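Below is one structure, written out as structure tokens; the observations come after it.
Chain nomenclature is as follows: A, B, C, D, E, F, G and H, assigned in order of appearance, with residue numbering initiated at 1 for each chain independently.
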Amino acid sequence: MPLTIPREEYMQQGHTACAGCGATLSMRYVLKGMGPKSAVVVPASCWSVIPGELPYTSLKVPLLYTPFASAGAAISGLREGLDAQGKQDYNVIAFAGDGGTADIGLQGLSAAVERGHNVLYVMYDNEAYMNTGIQRSGSTPYGAWTTTTPVGSKRDYKRENKKFVADLMMAQNAPYVATAAIGFPEDLERKLSVAKSIKGPKFIQILSPCPPGWNYNSADTVRVSRLAVESRIFPLYEFRNGKLTLFKPSKTVPVSQYLYLQGRFSHLYDSEVKVIESAVEERWQSLLRKEQV
Amino acid sequence: MESVQSHRKIMTGNEAVAVGVKLAKVKVIAAYPITPQTTIVEELADMVANGELDSKFIEVESEHSAMSAVTASEASGVRSYTASSSHGILYMHEPLHWAAGMRLPLVMSVVNRAIGPPWNIWGEQTDTFNQKDTGWLQIYCESNQEAMDSILLGYKIAENKKILLPVMNMLDAFTLSHTSEPVDVRNQKKAAEYVGDLELDSKLDFKNPAGYGSLLGPDGPFMEMKKDMRDSMYNAIGTIKNEISNFNEQFSAELPGLTDNFMMEDADYALVTAGAISSTAKYTVRKLREKGQKVGLIRLYFYRPFPGEDVLKAVKGLKGLGVVERNLSFGQRGPTYEDVATSLYGRVDIPIRNYVVGLGGRDIRVKDFERMFEDLVEGDNEIEWVNVGVK
Amino acid sequence: MYEVRFHGRGGQGAVTASKILATAAFLEGKWVTSFPFFGTERRGAPVTAFTRVDDRRIELRSQIYEPDAVIVLDRSLMSIVNVTEGLKNEGVIIVNGKSGNLKEAGKFKVGYVDATSIALRNGLGDPSHPIVNTAILGAFSKISDLVSLQSIKSATTDMVPSKKKENVNAIQEAYEETELN
Amino acid sequence: MPILPITYVSTSTREMSSWRTSKPIIEYSKCTRCAICWKFCPDVAIDLVSDPSIKSPNEKFSSLEAPLINLNYCKGCGICATECPFGAIEMVREEI
Amino acid sequence: MESVQSHRKIMTGNEAVAVGVKLAKVKVIAAYPITPQTTIVEELADMVANGELDSKFIEVESEHSAMSAVTASEASGVRSYTASSSHGILYMHEPLHWAAGMRLPLVMSVVNRAIGPPWNIWGEQTDTFNQKDTGWLQIYCESNQEAMDSILLGYKIAENKKILLPVMNMLDAFTLSHTSEPVDVRNQKKAAEYVGDLELDSKLDFKNPAGYGSLLGPDGPFMEMKKDMRDSMYNAIGTIKNEISNFNEQFSAELPGLTDNFMMEDADYALVTAGAISSTAKYTVRKLREKGQKVGLIRLYFYRPFPGEDVLKAVKGLKGLGVVERNLSFGQRGPTYEDVATSLYGRVDIPIRNYVVGLGGRDIRVKDFERMFEDLVEGDNEIEWVNVGVK
Amino acid sequence: MPLTIPREEYMQQGHTACAGCGATLSMRYVLKGMGPKSAVVVPASCWSVIPGELPYTSLKVPLLYTPFASAGAAISGLREGLDAQGKQDYNVIAFAGDGGTADIGLQGLSAAVERGHNVLYVMYDNEAYMNTGIQRSGSTPYGAWTTTTPVGSKRDYKRENKKFVADLMMAQNAPYVATAAIGFPEDLERKLSVAKSIKGPKFIQILSPCPPGWNYNSADTVRVSRLAVESRIFPLYEFRNGKLTLFKPSKTVPVSQYLYLQGRFSHLYDSEVKVIESAVEERWQSLLRKEQV
Amino acid sequence: MPILPITYVSTSTREMSSWRTSKPIIEYSKCTRCAICWKFCPDVAIDLVSDPSIKSPNEKFSSLEAPLINLNYCKGCGICATECPFGAIEMVREEI
Amino acid sequence: MYEVRFHGRGGQGAVTASKILATAAFLEGKWVTSFPFFGTERRGAPVTAFTRVDDRRIELRSQIYEPDAVIVLDRSLMSIVNVTEGLKNEGVIIVNGKSGNLKEAGKFKVGYVDATSIALRNGLGDPSHPIVNTAILGAFSKISDLVSLQSIKSATTDMVPSKKKENVNAIQEAYEETELN
């Protein structure tokens, strides 16, 4: 049986991610898809810690660390610098967390896309600031506990909806936009190969579950990711030439099944789970309609 | 055949800077507009649009991104440049530290402008004095000629393998940036030879991929890295002096040393200045000398590294010294005063006075300098605000 | 050292005028500086610019408080700005206007020129925004001996991006039509 | 050369086994060599090897590469055990 | 009835800060997470979520926005607060200037942490030393008790109508922020009475609408405003001293003066420090005193305004002084050295040495201080790197 | 005949905007709509200069100046500060340029919307950095000359499409999003009154022509604005409860009519104008389709 | 009280007439008092006044308020002249 | 002054243990400090924490290099960390484990306790993440006379958010089951 994803590894063993880290799987898959002629830009995030302290590195490609808000600008500069040296055939990749993308890095990303550089921006979405110990980000979903939405006696869980950065990138008409999940690596690899074939800014948002941050057993990382897609709380789609294509999972499961697996949602009453369920359904319907457009 | 001589042209400081950038064969420019830096960027955009400059021009959405972009392009191995001013400089404070810590030989031009509130687009050096401890070398220009030449010199110094730190080149808002005066435009071929191609040993290497920037704890060589940066800057003084003589020789130019000592030989009283106000100060010194007063001026061409030994040498024998600041510290005397006092402490015992002048573009006139020279004779130790509240 | 102050409005080209004058003197071998008093205000707001000319490198970088000459590109300014402030005795002042009564005129050498009509006649700008900056320099070269008419023309040709001939004509006509008062 | 913040040593030169509290054991007699465990390991701790000495439940699988856990790197997350469709991996507590 | 006495509890520095914020009845908090400040914010979020603190909590998307948000909320007329560290502080450099220029009496906590690259989350004070000229008062705490008390004192001083400038309260990464020790928790009622309600004359006025911030050219009173800020900070020293005595009286507390002079009376040699390393220095001084050595310590509790006169008074009679920096300037001696030399120049002639210690979290031990005291006797003038390259 | 827009003026005479300034009309209309119980936050922009130097102000409501990137955060802080004082009935308004919104202020805006504060953010869109003398912004339209896209011999005009911030705000599902143009003040006033009735973040993008920046005669400000809408290059729409409503102008004109009036497009060849025309048509069609969703 | 960056004087206390190079003149005999000029003036320089002495083309308009240009503030942009549907406003060059 | 060093792994509660010990001493009227050596590494990575106890305010803020006692929460650490580094002669060391052979054991007072089994037996944590921090303090109070068993229990009750009784039981059982070596 042939392997369903590329065999070569460009992310190496011995990194210092937590056991069962979804963000690490994201990096592994992205590098498999993009190959050795790549450079990766990493702003402050778990991924600035995962490769470990000096003198260690975990990637077989150059990794440029940047300040937290700098990813979008750094890939722009790196791209133009490489092009000025005739290295048009190297991939320039940003690999940034949801905080570094939806929040402090949003305008850097948006501006890089607007300027049209030939780059790939990967947002590994673990839905909170994990490196600093699980604080709310704009990409944290409604209902979640984090240390800055600590529930408490006032039920102060996250009361706002998740900001879907991929939706913003579609609104900006980026040449290629996709969402992906580490539970579906073949799908991700296909999307990477499409992205690789397009000149201009590409954006891929990968749901990357985090055992300590979401408070589930590390063995369930892939399962949780799959449930996110099957429950439609994290729809997978692809946007190209202004056209949206939505992936319809063969198997669908209730949202509650996804939520119950995770400690971060364990405070929710049934009525609150209902609220989430209907918001998920509404978004799904609206994506279906947009697909028709 | 093009002559290898400089030719003289009338241009503003900002034009001179843009030409300097072109002469240095910069490959990537990223910049964000802000008055009064804007015309530098516009000029460069024109050059690129007309094929006179073969450079990538990135129209970033902020100064934080400008600095982040050129840091990355420089790391990729090509000479990179940006320019800003005032709030733009404040907004890039974080990546300024980053660029220096990465040991990347960038050059940035700064048109010194006041900081709000209230908004004020006029001259004052507080913006870059607030960046003096970021790990960047700092050069304050007195003329448009220096503004052009310091770009070339800046790259030469920054890229020196013993230094490998970025250089910030300052010119005063309007007084230089928008003032037209004759400038000897250096010959392109010679300039290109002078700066050479960028050789950056630490550039992104695809053959032996590494991590650039990384993470380090209390047990790693963090402190050793910082000491190395400090040593590289502090010990650069000799190298800089050599590079300046070398530049002057090659271009028949007249850059000063790290300090520019004007009529200091037998002076009794002297002022310390930086930037374009030094010209008016020189005019005043000349005038007072004609009246027989033994006065002089020490201009700080370099402010980082601080040329403490040069200042010490220059002040020997003075009866009084005045340090003139076009910038502000709220909780202490001015920064230049602190640097001077630090360099002289325990080594001479000359009374030093401190003058704050020209904030927010307030004009600095000959009579102001005359008053300072008068005042110097009194020699007490408090801060003096020149031309304030007396409107 | 010879110091000139220009008064105009945003959009009228006072800054360019100061630069052309500097260039003209530079062509005659002088050292020059020229600089605006830059404001934040918009089109139509009063603008000041300066030119200094000397035989040697100019060190003085403060504004000009006691000019040797003043050039007024827009006469309406005279109701809101004291254009002769600090002007030296025997100093030169050129006003864009057919003629007029300058207060304290006796102390100065005064010239009037209808630069607006000259500019429009030569196709420089349009009625609501005539470009009078070159014409008025023609007038200036008539009463001041700082620079020759020819140098003004050469400097203008060097500096203006288009309508070079029209500008040179306007300079010549202004030179001829300037009335000394 | 200044002391630069550049890292050049691969993390694969170091051991991470001590981070683990339990470890995966493959029961090769159940393993169909589908490589799903390999695919989902975040620590890149599963190699695919051609080793005739590794037993296989069935002739038709023996030509395929077999998964081999590299316990130097495995942090014991348990993903492989969860994801193995054939229940061929068991997590066993490490002795303390 | 609740007692009005303090009660003693074991808490980390960050917990003590959060309690201080609660005691001060802050109404708006905006903050962004960064190690090692995070637990302050988490603690406050908990208090709000449990109804213990009646405050709006804005989860901003960056530190620039944190500072911009609290500047606006303070301008609306309510007591506001934020906290940050390291790169977060650098990222808010621009709005730091803005808040001070607006004369808004904010209080911010900073957990002092090193600056990258390489990334380093451990203790070092370079982050806030780079903000010393932004117009904020600066307080460096030595203990968790001070961390709590300085929040209350901070608002009291900032809101004083003669001062009206924001206050930055520092505590060292981990050494205080994550270290648990006993703290006397001030009584809520008494604390509320002490700080009172915010009375801000310049708050947004809907009855007489004005522009807040505005624009100003060279001819306007720009320079006068900046002088007023400088005077307000510099002349605040007397007011601060009164406020400290007042605080100590009301709470039976033990805050020091702007400086904390430890065993200085008859000292021959002394060190100058700021922050938590001062404790270990005191331990060392005590130890050496027991051995009969006449040594002492000057701890800078306030760094802005710089208590130059207090330092001068304290050093009189010393044979040697060592200035210890847990921060860095690349192109000159350390900033604290500069401030000390500036304050002493021309007034005493004591040899001063400069020590750089503990960057990036490197531990500072008794033996390090012992070595500095030994070294002091030699009294030359160069910078010394303590415990560097000798690992 | 009754007036078609509110009579009261909260923006005063004597400001220092250029003659014919569209941004000034925007402020005038916005304040008419929002009324005296409002506070306005202005980041660096022409509008930080228009009220003039100290001691002058041009508004009859408080005007808080902020750094360039601060508008989104400042309205958040101001809102919470007022609420903490029981002043829930005051409107908090950001009034920011396109540079301050599409570029340096984007993440501040996006985050304020994500957090759901009860504020109105007005982007007055003059399609470039005007205060600094006409540089390209993300909101500058394709084809335009600016001083940083100076055409030159390489025809280096703006080569990238305009970033429509209102589209991004829709993608973020803001409770109310609208575009408007100063040529249609009645429409703008109606939108303001809807916005006023909604609690939560509202966003309105107002096309505000700029005579020196677009290089047309100041008398044509209103005309240019009207042509922008009639030529469909700047469609007017409204987005509420996830539903888009597109305004179909009764009169339509060719895009070229809009472009030819402005010096900033005067370098364009006919073939280049065609490119713009078809992009405009495409966007119009896609908006029509989205309206159906 | 410190010296604060707070501005409190209305700009309407100052004149802007000198910025103008031409000025609008309303020919009231053509003016239907539709207030469109008022609506579009960026300088808020047109007042609507009830002044019986202002003539009107037609009885039915005379009960309406008439536009009156305040030349202290008008910068002469010409928008009112362009937008007046009845051609009732003419721009006239200011004397220099 | 009495100094204790804790060795554990991220997630095991070594930092809390150091704080409980400090609280126990505080309850007995001592001055205390307790602090982690904070790393960037993740769950599973080695963690160190410290407790200092003294009769008067503690000024010393450096790390602890020569502890009076060492507490090892996870025995597997001993293969990668030199847990007895700097431990004073006659110092105390407690190891979570049934028994064992500590190198240089003779120099120290060594105690072993199967804190993992005790914790699990009392429902503290789960097999892959047993929470052993309270149990091991029970063992510590048996060989060290720094604090009483009762103070450890009180401090624990003060500090743990839930399962107070289970923790107290674990402390008691550990106290009883500790083997001195």
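Throughout what follows, a contact is a pair of C-beta atoms (placed from the backbone, for glycine too) under 8 Å apart; a residue touches a chain by one contact, two chains touch by 3 or more.
None of these values were measured; they are calculated from a predicted model.
Engineer: Over the chains that touch one another, what is the least number of steps taking chain E to chain G?
Structural biologist: 1
Engineer: So which one's got more C-beta contacts, E-F or F-G?
Structural biologist: E-F
Engineer: Approximately how many whole Å separate the CA-defined centres of chain C and chain F?
Structural biologist: Using C-alpha averages as centres, the distance is 40 Å.
Engineer: Need the CA-centroid distance for the pair chain A / chain F, whole Å please.
Structural biologist: 32
Engineer: If you average the Cα atoms of chain B and of chain C to get two centres, how far apart are those centres in Å?
Structural biologist: Whole-Å distance between the two chain centres: 34.
Engineer: Please work out the Cα centroid separation of chain D and chain F, and write it as a whole number of Å.
Structural biologist: Chain D and chain F have C-alpha centres separated by 57 Å.
Engineer: Among the residues of chain C, pick out those that touch two or more other chains and give their numbers.
Structural biologist: In chain C, the residues touching two or more other chains are 40, 43-45.
Engineer: Of all residues in chain F, which are in touch with two or more distinct other chains?
Structural biologist: Answer for chain F, listing residues that touch two or more other chains: 16-19, 21, 48-49, 51-54, 56-57, 60, 65, 67, 69, 102-104, 106-107, 110-111, 114-115, 138, 211.
Engineer: I need the residues of chain E touching at least two other chains; which ones are they?
Structural biologist: Only 59, 61-62, 64, 87, 91, 94, 98, 101-102, 116-119, 122, 210-217, 220-221, 224-225, 229, 363 qualify.
Engineer: List the residues on chain F that touch chain B in their complex, please.
Structural biologist: 44, 48-49, 54, 65, 67-69, 102-104, 106, 129, 131-133, 135-136, 138, 147-154, 156
Engineer: Which chain A residues qualify as touching chain B in the complex?
Structural biologist: Spelled out, the residues of chain A in touch with chain B are 36-37, 39, 41, 48-49, 51-54, 56-57, 59-67, 69-70, 72-78, 80-85, 90, 107-108, 110-111, 114-115.
Engineer: Over in the complex, which chain D residues touch chain A? Could you list them?
Structural biologist: By the definition above, chain D touches chain A via 5-16, 19-20, 33-35, 39-40, 42-45, 48, 64, 70, 72-73, 75-79, 81-83, 91.
Engineer: Flag every residue of chain H that touches chain D in the complex, lowest number first.
Structural biologist: Those in contact with chain D are residues 9, 44-46, 74-77, 79-80, 96-97, 116, 127-129.
Engineer: Quick check: in the complex, which residue numbers of chain A touch chain F?
Structural biologist: Touching chain F: residues 102-107, 110-111, 114-116, 138, 159-161, 163-164, 167-168, 170-173, 242, 286, 289-290, 292-293 of chain A.
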